[in-house]
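Next, two complexes with chain A in common: one pairs it with chain B, the other with chain C.
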Partner chain A sequence: MSSSLLHPPAHLPPSVALKLSQGAPALLRTTPSSISSYSLSSLFRAAETPELWTVYENLMLSCLRTGDEQSAHLCLERLTNRFGADNERLMALRGLFQEAIAEDDAALQIVLKEYETILNNDPSNMPVSKRRIALLKTLTKIPEAITALNQFLESSPTDAEAWAELADLYVVQGMYQQGIFALEEVLLITPNAWNMHARLGEVLYMAAISNDFEANKYLSESLRRFCRSIELCDDYLRGYYGLKLTSSKLLSSSSQSSKQSKSDTAPLPTSTVERLNELATAKLSEIVRRSAGGEKGWTGYDQAEVIAAQALLDQDKVSITR
Partner chain B sequence: MAQVPVQTIHRDPQLFYWILIPITVVMILTGMLRHYATVLMATAPKKQELPAIKEQRSLIRGVNLRANQYNISPASFEARKNYLVSAYETGAFLKDPEKKGQTAANPMTDPAAMEGMMGMMKGNMAMIVPQTLIMGWINAFFAGFVIIKLPFPLTIKFKSMLQAGVATRDMDPQWMSSISWYVLCIFGLQSVFNYLLGSDNAASQMQQQMGQMGPGAGANMFGPGQDPDKQFQSEAENLAVLAHHYILEGVEDRLLETVKVR
Partner chain C sequence: MTWISNSITGLGLIFLTHAGYSAHEHSALYSTSAATLTSISSHGGTTPTVASLPLDISIETIVAIFMICLGLVLGTPELRPIQWRVWAGKIEREGEDGFIGGDGEVDKYYVGNPFRVLESRPGFVDIRKQRSEFAAWVREGGQPAPASKS
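Then we have the complex of A and B:
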């Protein structure tokens, strides 16, 4: 059993997911089809481990991603045999399976109806209410999804995942203020998540370029967020990318209008911004160079992100030569 | 110095087959039986209702805000603080707001707390009943038997441990009585049960005793007898007096100092 099956498959690249799901029939054949918890025969067999069920769950998700519905159904059946059909998490997994095999929107509507019946009977079923929100998002009913998420967070305000989802939905709708609020909530729950700091920086940047009013305040806040995310995670590509973007923007805007809007923190002196811009440029080109050279310890970057960083650097060069 | 003569007692070898082995086998079988009985009797953890979840998580939200306040800007912090403090003080998050201000209910009358206590009772009964029965059985049939001689010498202090039920003053502590063998089995079969039933079995009573001594501190936070309103009030106070500082203050200078491009 490969160790990657023990991690949630959401972050696996497609090739790995494909490999896992291709190995699914063989894996399902080798593992016992049912393990009952109270029988004498369990004395002589290998003990049941929690890992096995994690593997089944993740395998099912990988199989659904690659369209191997047969194996996914087998996984679901075995999980149901073990934990019973009224287990909260299994209810959500079964709903997920039905969503995956649904042919069109009408079928999805039926699944949504099912979720609503479950939630009417038991409003505290967290996994199913999360599935319902995700399904609303799939059906592009964004305002409904936002309302449902707000209701969910009303009763469970310590769920970082839900806050992050809410932030994304708000940003999609262009409601940056609300998005920023939700991301701040995420940071209150997971204070050292550098990717969340960078994400907040990105949303602040979007807010800054979408309205001229107080743009500088947002920009400097955004720049500081990126600084913090780099402080938490050295050589963080997204952090440096954002740092370069915001500092260039700040430099160009401060040359246009020198008036500083009032902000919570001290305004950034232009010299600091310039130095930060230089630092980000140097660091970005270092990352691009080393990652392209395949140096040891520098290969973990996402290809698309490295290309984007390269494009940003090229853009800069063009504007200098012009 | 005169050599102390080695004590020899002629034992019927049948003692070995008809006392030592039966006691051991019975102990193992009862352990397994107890494990399965506990598994069958265990009640599933009770599902929490939505208002109860809300009450707990809202309190945790306040604690989170207090702990990680440095991550958000002073304005955001101020807004959240004002909201949470006023909501805490008015009891907006309470499971049943009309009960606010009343004294904490007696934990004995709370059905949820009673259920928890019943679970504990069941666990204890599953231990005490078989233990009493086997002890009675051994006392009735095998009292006073000396069953084995340990292959190593022991000091006199072990006499009370190894020769329970055999009142002879001069017998060497190497000799072991049936009741002592039983006591030894109670504590010594842990690894056998681990092998047979998996490591988190209900038969190993040492774990149970440990569990009773120090229940998790986290469980106590919302345990019975705690008045959630009091917790909310104290949390509101903690939040209200908190001095906020912002981690993004001066982060750019810190960064410029630490990061060097190679």
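Then we have the complex of A and C:
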């Protein structure tokens, strides 16, 4: 049983998803079709492991993604046999299945109605409220999704996943201020999440580009966020990429405006930014060189990210020689 | 490297068994000889002094215990980094390859970046978008991943 089936498959590349779902019929055949927890026959069967149900859930997601609805339905049936149809998580999974097989928007509206009926009966059903928000997003009703998500966060303000989703919705809408706030809430809950620090840095950078008025303030804040993500994670490609991007931008813009203010968010001294820029360049080229060379212990980077870093370095070289 | 530690531990166990056996034999031999001696000179009035173990048996025991300790310490799996940034850097830099256990499989409890769920967000997954993306990927002639990469 591969380890990737024990984790939510949303981030997996399509090739891995296809491989997982191709293995689904075989896996479903080898595992027993029903496991009853209290009966004499369970003494003679293989023991029920908690992993099995995680595997079913993730397998179902992979199969839905690749269009293998039969296997997905089988997974769903087995989960329902075990946990009952009124299990909150299973309600959400069933809704997900119906969303996936829906023909058109009208069918999706019916699913949305179903979610709302469930939520009317039991407003505390977290998985289904999350599905409802996701479905609103699918139907490109982003403002409604944002409102629903805000209501959701009123009742459960420590849900980092929901805050991150809210931040993404705001950023999609171009509301960077609110997105930054939501990401800061995520960081209050998970202060060590290095990827979220980098994400906040990216959103701050986008805000700086789209906003001329306070661009420098956003840029130096973004620089600080990328520095924090590197502090939390050695050789973090995304962090160094952002550091290089923001420091170059700061260097090119600081020549135009040089007014300084003494506060916590004051712009960094130019010499510091220059040194950070040099450090980022050195680190990026080291990562690109070692990863491209396939050195042992440097193979975990995403190839697309390495290529992007290479492109950034090349672009930098061109502008220096010019 | 495992065969070195295993052989050292095994050798140490052999020495320990040998030392224990020697000690047992020594005491058995000594008590019988002492018993015959006392029966011969029963009226001598001297009580036999309990002789301590010979020095070589003691040394063998100590050496064997040290060898077993050394073998076990050498055989421990590589320690995980305890500094957050080193651990996180290992995940980013090496990916799954850095967490392959002794059996050649990726460690069962390896989760990668535990905060990745904040970006993939399984609770809010947009399955229709994933399906259409997958269909587009198939149209472009995507191939399943090779068997070794899972």
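Just so we're on the same page, the second predicted complex is superposed on the first by the 316 of 322 C-alpha atoms of A that agree within 3 Å, B and C clash if a C-alpha of one lies under 4 Å from a C-alpha of the other, contacts with A are read in each partner's own complex, and residues count from 1 in each chain.
Criterion: a contact is a pair of C-beta atoms (placed from the backbone, for glycine too) under 8 Å apart; a residue touches a chain by one contact, two chains touch by 3 or more.
Given the structure is predicted, the values throughout are model-derived calculations rather than measurements.
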Which of chain B and chain C A:65 touches, first, second, both or neither: second
Chain A residues touched - chain C or chain B, whichever exceeds: C
Contacts of A:137 with chain B and chain C, given as first, second, both or neither: second
Contacts of A:191 with chain B and chain C, given as first, second, both or neither: first
Partner chain in contact with A:223 - chain B first, chain C second, else both or neither: first
Partner chain(s) touched by A:231 [first = chain B, second = chain C, both, neither]: both
Which of chain B and chain C A:158 touches, first, second, both or neither: first
Partner chain in contact with A:295 - chain B first, chain C second, else both or neither: neither
Footprint overlap on chain A, comparing chain B with chain C: 231, 234
Touch list for chain B against partner chain A, complex: 36, 39-40, 47-51, 53-54, 57-58, 60-61, 64-65, 67-76, 196, 198, 246-249, 251-256, 258-259, 261-262
Chain C partner contacts - residues on chain A that touch it in the complex: 2-4, 6-8, 10-11, 13-20, 22, 61, 64-67, 96, 99-100, 102, 127, 130-131, 133-134, 137-138, 160-162, 164-165, 186, 190, 192-196, 199, 231-237, 297-301
Sites on chain C touched by chain A in the complex: 84-86, 88-98, 105-108, 110-113, 115-131, 133-135, 137-138, 142-145, 147, 149-150
Complex contact set, residues of chain A against chain B: 37-38, 43, 47-48, 122-124, 154-159, 181, 184, 187-189, 191, 221, 223-225, 227-228, 230-231, 234, 264-266, 268, 272, 275-276, 279, 282-283, 286
